[in-house]
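This is the structure I have questions about; it appears just below.
Chain naming follows the written order as A, B, C, D and E, and within any one chain the residues start at number 1.
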Amino acid sequence: MHSTDNLTSTPTVMHNPAANLAPVLSLNNVEVIYDHVSLAIKGVSIEVPQGGMVALLGANGAGKSTTLKSISGLLRPERGLVTRGEVRFIGHNIDALAPHERVKLGIVHVLEGRRVFEHMTPDENLIAASAVRGGREDMLRNKDMVYTYFPRLHQRRTAQSGYLSGGEQQMLAIGRALMTQPKLLMLDEPSLGLAPFLVTEIFDIVRRINKEEGLSVLLVEQNAIAALDVVSHGYLIENGRVVMHDNAEAMKKNPDIQEFYLGGAEGHNFHDIKHYRRRKRWLT
Amino acid sequence: MDFSLFAELAINGALSGLMYSLVALGIVLIYKSSSVPNLAQGAMTMLGAYVVLAIANGLGLSMWAAIPLAMATMFFVGMGIERVALRRLAGRPIIMILMMTLGLDIFIRATTMAIWGGTGRPMSIGISDDPLFLGPVLLNRAYVVGALVAGALFLVLMFFFHTRRGIVLRAISDDYIASWSIGISVERGVAFSWAMSSVIATTAGVLWGSVQGVNQGLALLLLKGLTVAVLGGLDSIGGAILAGLLLGLLEGVASGYLDPLVGGGSRDLVVAATLILTILIRPHGLFGRHDIERI
Amino acid sequence: MLFRQSGIFHTSYADARALFPLPADRWMIGLLLAFALTAPFTMSSLALSTHLLPWLVWTAAALGLNLILGWAGQFHFGYAAIMGIGAYTAVHGARNGIPWEIAVVLGGVMAAIIGSVFAFAALRVKGLYLALSTLALQYVMDWVIAHVPAISGGSQATLQAPAMRLLGQAVTSDSGLYYVALGWCLLVTVFMLNLRRTALGRALVAVREKDFAAAIIGVHSLYYKLLAFATSSFIGGISGAILIFTFYRAATPEQFAVNVSIELLAMVIVGGLGSIIGSYFGAAFILLMPGLMNSLIGWLAQLAGASLGVETLAHIPHAVYGALIIVFLLVEPMGLGKMYTNLRNYLLVWPFGYARK
Amino acid sequence: MHGDKQTGVPVLECRGLERRFGGLVALTGVNLRIERAEIFGLVGPNGSGKTTMTNAITGFFPPQVGSISLNGRDITGMAPHKVATLGVARTFQNLALFNGMSVLDNILLGRHIHMKAGVAKTALYWWLSRKDEMLHRLKVEEIIDFLQLQSVRDELVDSIPIGLKKRVELARALVAEPSFLILDEPMAGMNQEEKEYMARFILDARDERHVTVLLIEHHMDVITGICDRMMVLSYGETIGTGIPSAVMKDERVIKAYLGGAHATH
Amino acid sequence: QPIKFALCYDLSKSYGFVTPQIAQAVNDYAKILNQKGGIEGHPIEILVQDQGNEPQRGIECYEKMKREGAITFDFLSTPVSRAVLPRAMADSNVMVQSFVGRGDAIDGDVFKWIFPVGPTYWGQMANDIHYIKTKANGNLKGVKIAFLYPDYPFGQEPIGVLKTLAAKEGFDLQLIPNPMPGNDQSAAWTQIRRINPDWVVSWNLASMHVVAAREMKRNGIPIDKYIAVNWLNEVDIANIGAESAKGLKRGTNVIGGQSHPLIQQIIKDLYEKGKGSGDRKHLSDIYYNTGLAMYASVFEGARLAIKQNGWPITPDKMKRGMESLKNFDAEGLIAPVTVTAKDHGGGGKTRIDMWDGTKWVPQTDWFSAYDDVIQEIVKKESSEFAKNKQ
């Protein structure tokens, strides 16, 4: 089944809008297998330019989270393994590194579904995340930074995180990630279950962080509308393969993207949708 | 009824209860920082005591030189345990980890016995046995010392779990994966907690050893320690102390007044009753944390 | 391919839900059964009456505990006490002239009642905290047996079990007792196997996994937890009774002390949670390993001519035994049962490396 | 738009619901009336009390004030498993499938209220259970076809992707043949296409099985697309009810929930 | 064609404080005899196996040894003995349990196959009381005796005897149970201090004695009021502290020290030549002597068995051999015993030793008291057993 690698490593569109910038992160032909049996992603190649903002789109089970985990090293606890290819971060190969070492290097992964430390207060959540580097004063400074980005968290800082509402938890998860002073911020479906205005709010903040702190962002999203608004360019993953790669504008215009991710034309009607098997037009 | 008798039973009971808290604290420490209920704490206590003796007799050192050395040794033993036995199980269902600690318990006990043999040995840390009266009430010096140590440990741990490192440990117990994702070395954290707990075990071993002599019996402290720990709430330092106090007090008074009536051994009944009642009134022990379930 | 899957098509849902959908499995079970039935003629009386027989009864008990631990997901630190309750009730019953079968069932019922009462105290609780109430059960039970001569059988706390009479005639021969144990163990096994494919089993797992989700599909989690406790206690009680009648022949407190409860836990977990075949393995491991180790170590020591003191010689097997538990958990945390399954799955796809399900 | 379907018979009626958690008021003074065979949308910012609302109805966190009646019968404070037997089914916001079980068994569990589980029926499977196990199996297969889950029937639920999990949960709810179905964010984390599938299933459930649906969603296009009526919560209070097209234009709703940026969409 | 003796001991758990020394002694003894050509020309083989104080494994061991042709079985653990006893009786196998186990087992009519040669706990307790009586110059009226015991069968064993004697002699008996594992006795001693007894008879084991001694000091109770059961050895003395233990008394079944010719010979022929079966320091342990004493009578019984009824030795012959022990005192190691088909105890003489700070000093000669009382209780209990067996 590896014969398809050459195919997948040549996405439909070759030109890379951010090629001129040195990539802070690059995946070459990464393949991941869970439990030694189930093949999750096959030969995925991705680049995130310095200070750039990249989106990773794809259907359920396409392998987006797996891709992120292969970067942050969080496959191990799930008995997943990078069996081929390599992950390079600012120059060096990080495949051998343990998760916390990668965070030290500057990669941080905001997990799907928030995963805040439920029994601790938001404040303690942030402190815990500051342990990886820097002294006490760094910690305090970063906390202020986070609280300025998320004033809402400051109000709730002494509550028990487990009882925060979905949005607040998402903010906490992002703030917690920022505490590690990362170079690369990876967000896995940050808009999951958030109210529309919160989605826009959070994406704005992420964009601001990206500008002001100058850190690169790799964004996994189902909400393609919101995602493609903020990123410079995006990748599309299907069945564990990169099947499309282009800048945001071009992607928005792509008819398939429109049909399957953006929801086609305005005001189209769910009642008219008939059951149909989807056509895998990408690979043909 | 004779008040001084009551007072004496109650006070000495409470003090001995705090001695049990010493074992409980070790269990709580590990649970609070990795959600592992350690059934090997008793065995570790025993091992700690034997190591102290081995160092003291082997190197011909005084107790006060041997104890710190033993603590250092046990510190690394604890780390070793994590490295060998628990690291591979990180994130597994709790019950397997529970079983692992049970295996450790069997292994440590048997190995210790195989090396040093079952004949009891004395452990004197210079606590005099002369009577110590507080008014009409006679106090047990050894227990007083033990209680003081327990109190000190309580303060230290309380402080520790509010330092950054302590918060990190709590984070680990809350969610391994999330901890990894923000750069916490879960392995190191858990190893550290085991190391600390081994040191506490040594302390308990020394104190109990000085009370009952060093022998297999030390390993049996597990059941009491576990009972106290769970009663207090597995992740609550304060709980471990209070539960120890409470249980000890009840036991002391009970065995003083009930035993003659029911023909002995009423302690276990009291313990059982206390357990059931606590669970009915406070399902998570006295101060244990509730698991948050967002439906 | 020993366990051939391909080419076997189930034409009805019933087939697909058969106990052993694969012919290969059915063959193996058949062989094992044949062996079990002929054991009295093929095995030495030592192996039969001091290894095979207790192993079967303990397995039955382990399966009962597995119902609580593996299916309902509740810790139980007092299962030995449960067995004890059953045993003492049954023996007293039989001594007072109640027919053996009824006495044994009575034992089961009594165990079920008391077991559920203690469980009930703790059903709002999860995990270790529940374990506490079962520990309490153990304490109370130990105390009662130690302090109520009427129950424990006089000042010597030994309760002689009358010879057991099955359907009127006395069963005394090794093989007779063995068949009784075998029969009981098979009964429990079949029950557990059925649990896998009936509403009850599913409901229990549901409660274990997510009780609130279970509630919204109409599963009354409290009721099912209680039912689980009652059923498992019933099995435990009868196993305890049968253990006394077929093996110990006299009931003494130590036979059901807390360390026995711990050993039962070990049987289930080393064997594998919720794994039936695992309980067989687990019981065998925990029960026979110390003995084997003893002989093995002793033999090795003789070989090496090492003049180890009797004491050291006695402790080494325990150390090895503990080490083995550790190693097993490291190699396969899901227990011996899972190891077997892995092997089987390997054979399923053999000779191919791996198949994508 | 589906006025014709509205029979005017109330399936669910909530009056003046209030639910507090400690100091925090999660829900207060909420009235809700859902009629037979309508799809009712419930939206609101995070933490506004939507899930609390469903928990109040299904009996997990009964309201401290107010009453709930289902098909004219008062179910205030009734235990969840009882509510379920009255024909209420729901899915959960953060998936609540039974891990370690196959998809098939998960869905079979949905039939629980129609089955009799017992020790005897287990012990004497062949005589007491086998037949109706098979009957229920037929129902399950029907749903599996309906939701196109054949491919994963025998997989462990743990290992299938989230989108499918949500679908399995829907199947588990539908197989109970409920009269009233609560869906808590069934489309969270789905792309457009998958949303369309899900929307399709919900509509079919209503049209073919005449299920009344309470749908919580943050995807406004779906709400506007398939809901007959909707309600907006904010800080536990109702700030708007009615036909989606109308509600969506309400100032307060836009301000509290949609946000300026979204007005364009 | 060796003679096999089975020792299924708890070497690893509760009884680990005594079994190693005993097993070692038995092995040494066997070696010595074998050097002299064994018993009546038949070499001795000692089969030792650990049963971890678990009935299950005790039975397993018994069954195994049975098939290996062991002629006697020895478990030295209350729980396991109790569990195996019915089997041994059913199989008609000789089960030796000198100094341990149920007191009524000396009734040879009921316990045909059980041989508790030497004093039982009941006899020992009776003798202790008698000693106290002599100290109270012949009158126990009003004398306060506290009985401190670990609250499980071993500890509860002598209570029946005590109560009977209390009724008979009119002394004031106070029962002070202490829960296992007995490492915390503060409550018990608080009470004892208030009772302020004239004597404290203690059925503690091993390290429990140490805890008790400490508590006595704390509570200002002079240690010479303490009369221990025979399970208190030099190790415990060392743990208490040779000085602090001064005046402590013990009911004793066998003489201590190494003066006994047999031990001298063992030292000379084995340990000097490095052929000992274990750690030499154990030889200074009373439990070592206890081991020798136990098997002196067993080996003698075997000798008589072969001598009277010839080889091959069978359980039945062994039984009759044991039952023909007459005034046997193992060259002064134990009080002379005479075992008969009715009385498997053989006298039940003990003596009281006192620790003088350096060594044990006999306070009395070998003696046994209240034999009639004991006999009564034995009859009562054993008949109950016989009844229960149905």
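Just so it is clear, a residue touches a chain if its C-beta (ideal position, glycine included) is under 8 Å from a C-beta of that chain, and two chains touch if they have at least 3 such contacts.
All values reported here derive from a predicted model rather than from experimental measurement.
Colleague: Leaving out subunit C, what pieces does the complex fall into?
Modeller: Groups left after taking subunit C out of consideration (others unmoved): just one piece.
Colleague: If you average the Cα atoms per chain, which one ends up farthest from subunit B?
Modeller: D
Colleague: If you average the CA coordinates per chain, which chain's centre is most distant from that of subunit C?
Modeller: So the chain farthest away from subunit C turns out to be A.
Colleague: Would you kindly tell me how far, in whole Å, the mean C-alpha position of subunit D lies from that of subunit A?
Modeller: Chain centroid spacing, subunit A to subunit D, equals 29 Å.
Colleague: In angstrom, rounded to a whole number, how far apart do the mean CA points of subunit B and subunit E lie?
Modeller: The separation of the two C-alpha centroids amounts to 36 Å.
Colleague: Hey, how far is the Cα centre of subunit B from the one of subunit C, in Å?
Modeller: Taking the average C-alpha coordinate of subunit B and of subunit C, the gap between them is 31 Å.
Colleague: How many Å are there between the centre of subunit A and the centre of subunit E, using C-alpha atoms for each centre?
Modeller: Their C-alpha centroids are separated by 76 Å.
Colleague: Mind pulling the subunit A residues that touch 2 or more other chains?
Modeller: 38, 163
Colleague: Considering subunit E alone, which of its residues make contact with at least two other chains?
Modeller: Counting only residues that touch two or more other chains, subunit E contributes 12, 16, 20, 151.
Colleague: At which residue positions does subunit B touch at least two other chains?
Modeller: Answer for subunit B, listing residues that touch two or more other chains: 110, 113, 117-118, 263-265, 268, 294-295.
Colleague: Given the complex with subunit B, which residues does subunit A contribute to the contact?
Modeller: Touching subunit B: residues 72-74, 77, 98-100, 102-104, 108-111, 115-120, 124-125, 127-133, 136, 139, 160, 162-163, 176-177, 179-180 of subunit A.
Colleague: Residues of subunit C touching subunit D in their complex?
Modeller: It is residues 12-14, 17, 190-191, 194-195, 197-203, 205-206, 209-210, 212-221, 224, 227, 231, 357 of subunit C that touch subunit D.
Colleague: Within the complex, which stretch of subunit C touches subunit B?
Modeller: 69, 75, 118, 121-122, 124-133, 135-137, 139-140, 142-143, 146-147, 212, 258, 262, 265-266, 269-270, 273, 309, 311-312, 315-319, 321-323, 325-326, 329-330, 333-334
Colleague: With touch defined as at the start, can you tell me which subunit D residues reach subunit A in the complex?
Modeller: 21, 24, 43-48, 93-94, 148, 159-164, 185, 188-196, 199-200, 203, 218, 220-222, 225-226, 257-262, 265
Colleague: Show which residues of subunit B lie in contact with subunit E when the two form their complex.
Modeller: For subunit B paired with subunit E, touching residues are 2, 5, 8-9, 12-13, 16, 110, 113, 117-122, 129-132, 138, 140-143, 208, 211-213, 215-217, 220, 251-252, 255-256, 259-260, 263-265, 267-268.
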